[in-house]
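To start, the structure under review is shown below, and the notes come after it.
Each chain gets a letter, A, B, C and D, in the order it is written, and its residues are counted from 1.
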């Protein structure tokens, strides 16, 4: 296991009576990129500010490299803070040149002129702004200013880089460029925490994803864990598990359970529950399996239902999302375009589909 | 063909010497939802402002219901503008109650008190803010204010609704809610133009997608046309066609052409070109087909290459993106997770893949 | 120190016993300055709306002129008014020098550019998006103007109060054109002073130079109360405005 | 009208011939007001930085006091200074009434709250994110303060100019504490006036009331030139600041 850089232990934060963060336990490990995924107002920025020692937590302890730093001040605080840098959601430039901006952190650390020039040049190359040294920082475009902010942070060679929503409101091409800069920064061995409200970004960039809602950590895990075994209803919803149902446990067996959703009884892998208990279950739309009607039904398919396609809309470029109604039970299914074509699926047509027992997951509320 | 509501004929717009829009020809049809897709600075907002008669075009003609309205002013302008409403990217509330805000357009049109109350109530229900009438509009959250702005626009029952980047910087759950409101508005028979820089949004919502770059219309078509037959390199890049190559035409046949990209010769469907011409070609990552190595090669597979997987990263929830190097030729391939598992694909492993002739597309620069 | 305390006590007594001289000086101040502010508001606010909604030639030049007017030393404004109205000046036939009327004119000229300038700034500070929202919802120019005025109301009132603050506290202009005149009336109780053109602000330097510290302090206290109320209103409006926004 | 033109011509002549009386009045104004502004700047700007970077008890109360000070009528400030320094007042032993020193003190009290208030506002107007960026990059409090002062420089200078504008144009305070005194000197060319505590702004009402319109206009022109230069500097800085931002 990699060494921990920052560890949060039962961190809570109240602002004027409102609990913005609630009992957060989280570790940031050396060399990893952790994405902090959640909607606006989830407490992502507050968490970042606590890590960067801007905000003192109301309760709990903060460790930096196994040393408690919760209530540091003065020079001790400065020393710890100088190991990390935060890039704010809307970076501001100091008045002066791009060079002045990028050099700032080095100057106050007393580096030599030659060293500063070498490092600034290198940092600007990293973000693709070679030769921008003499430009007035206040005349840069939004995207350029953001890249200067990245250079200004990385030039210090921090152990930990905190990126607060770096791609919010960027178009996809600028976003891709920022992603590639972040990957290059990671290759320099710098650990990164990145907040985002974009599921696809959290998944594409993160070694681990921490999902935050209303100040509570919902789940921490690899991208795959978060997507395929979401712990809570919220994580499921936020990561695109659009089929979520409230059901009642009908049978509890040793290998399987049966859950009733409306008029449909669904078979699931066994879990701990008692009969009559109300639970919440979900299935990802791409795991709904359409079956061919021209061949005999394979008995290993469980939860086979027929339904009528009530809606077809594009889902990204490769998939179509079908809305299928099976009596009162409705499900969304994502099907590759070519499959849908091959099966001549059309609005109003009838389809046969199966919900694999292993793909039906129980969710906490 | 549906009747046209707005038609732009060779519309150009200069601001202090800079050409923000260049010879735009575009038609908005009755009942359709047209998405205007492009990066920031492409001219999307300027185009919306021209349609809403805020900005006069420098050149070209604007038609509303086949009547030229390019240079209207005074009461004639008012009459045309009253047929449409724009919702700005960052909606502002008038000081006063939510009711006052939503009622504004009706009051200045002289509706009766009873009619205003009925319609405001209905509009607030549409956006899910029943019972908010007496709330102070300035104390609403950002998301609530935006929904009030939608209600304020729809309550007038415009023929055309202009939505300027309604979901920029929203998290996925708020975005989904806005999408559902937009779909409901469309069902009321109101035509909608929506600008966005999000490819997935343009594709999921639009009956047609118009792609704009640097003030020039790159392509207008159904979502499928824009994704699978992008006309230009830019449209291809912006809609996620990540494999784009510069090549040289080697052979021009009646059914097929051959194009050399580095050391690889690729066979494509025939197109008009002369030998030695430099062209640009692209293929979508999900159309790169991985082949099984344990069965004999099917002769209908063309452009079969072997390569080494140099990188694997998650692409959304259902797919993995492989970076494959075949000598100097590199390609990204999106493969469903379960397929990748079945084929035991791993970093550093060797794969066999095919680029279908019909999936290789020529792009204009 | 005792002398000072005694002076303050006598000043308070003068105010509480409604000393006719003190009252008449305060009355002149209030009549003149209030008239000037009312006239300036009535003319400046409509012009501010016009400025923000219409383009016309020399608009920028006029704006510069307003800004210059806001920065003009009151004593110079007083001097200009004086030379126009002095007996051998171009408007001398009106015979207004050293009357309350000319004091109103001078203070009007002081209040007008401030009220106009602040009102224009308040209207321009209303986000452009407010106007455009009204327009896109189908409003006419007149209706948009109403929306904008409503949004700018706090700022406009602040401008009026700032104008009031300038004229109530000002000495130079009112001294130059008004002359600081009081006269005597014989009453059964004896001879008392009554102000013709003497105001709170011009009376203070006069009384101090004549050694009547108690009267000067009485005038100072009344003046302070007036400006205190004006400032209180301004900060109240600021707070209201920041809650609204 | 001719009389007016004649007055202006004679005023210009007085200025161009460097009339000793006119020069000595202008000199008193410039010495007194400039000293006051320099002293006020030297004390107010460091205090403004302190205010923005340190929390201490009664901070809000002090801020309210500063705001009140900015709105205080100059004539009342003059009165307060006068009663403290008058012969039988608590500081009477210093014997400063009707000297240039007490005029500097009074104008210092006028300039100080404006410079302090505007500087605090300018420093507070520097986005919080500038400070936080400096902090996250590893800056100490002192280094962050330097960054913020650099960003607020235009605003602070504007504050100093506003203070200068207030004291150069002001009549009430300087008249109350200075007494508007000039005396006569016999020279071979005859008797001439020389100012002791008479300034441009206090001389104008006096000269108009004594009928020497030419001298009043001469003083007005010089005063106007000074305030014009101050305003020019302010609007130049505003433009620079808006280009920077």
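In this text, contacts are C-beta pairs under 8 Å (C-beta built on N, C-alpha and C of every residue); 3 or more make two chains touch, one makes a residue touch a chain.
Computed from a prediction, not measured in an experiment: that's the story for all the values here.
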Open item on the list: Can you identify which chains form the pair with the largest number of contacting C-beta pairs?
Closed with: C-D
Task: Centroid spacing, where centroids are CA-atom means, of chain C and chain D in whole angstrom - done: 21
- [ ] Report the inter-chain centroid distance for chain A and chain C in whole angstrom, where each centroid is the mean of the CA atoms.
- [x] 60
Task: Contacts with two or more other chains, residues of chain B listed in rising order - done: none
Open item on the list: Can you list every residue of chain C that touches 2 or more other chains, as numbers and ranges?
Closed with: none
Open item on the list: By the document's touch definition, which label belongs to this structure's chain graph: line, ring, star, complete, or other?
Closed with: ring
Task: In contact (per the touch rule at the top): chain pairs - done: A-B, A-D, B-C, C-D
Task: Contacting residues of chain C [partner chain B, same complex] - done: 127, 129-130, 132-140, 143, 147, 150-151, 244-245
- [ ] Quick one: which bits of chain D touch chain C in the complex? Just the residue numbers, please.
- [x] 1, 3-4, 7, 67-68, 71-76, 78-80, 82-84, 86, 88-90, 165, 168-172, 175-176, 179, 201, 204-205, 208-209, 213, 216-217, 220, 223-224, 227-228, 230-231, 235
- [ ] Could you pull out which chain B residues touch chain C in their complex?
- [x] 52, 54, 78, 81-82, 84-86, 88, 90-92, 94-95, 104-105, 108-109, 138, 149, 152-153, 156
TODO: Write out the stretch or stretches of chain A touching chain B in their complex.
DONE: 38-40, 142, 168-174, 197-200, 203-204, 223-224, 227-228, 237-240, 284, 286, 313-319, 334, 336
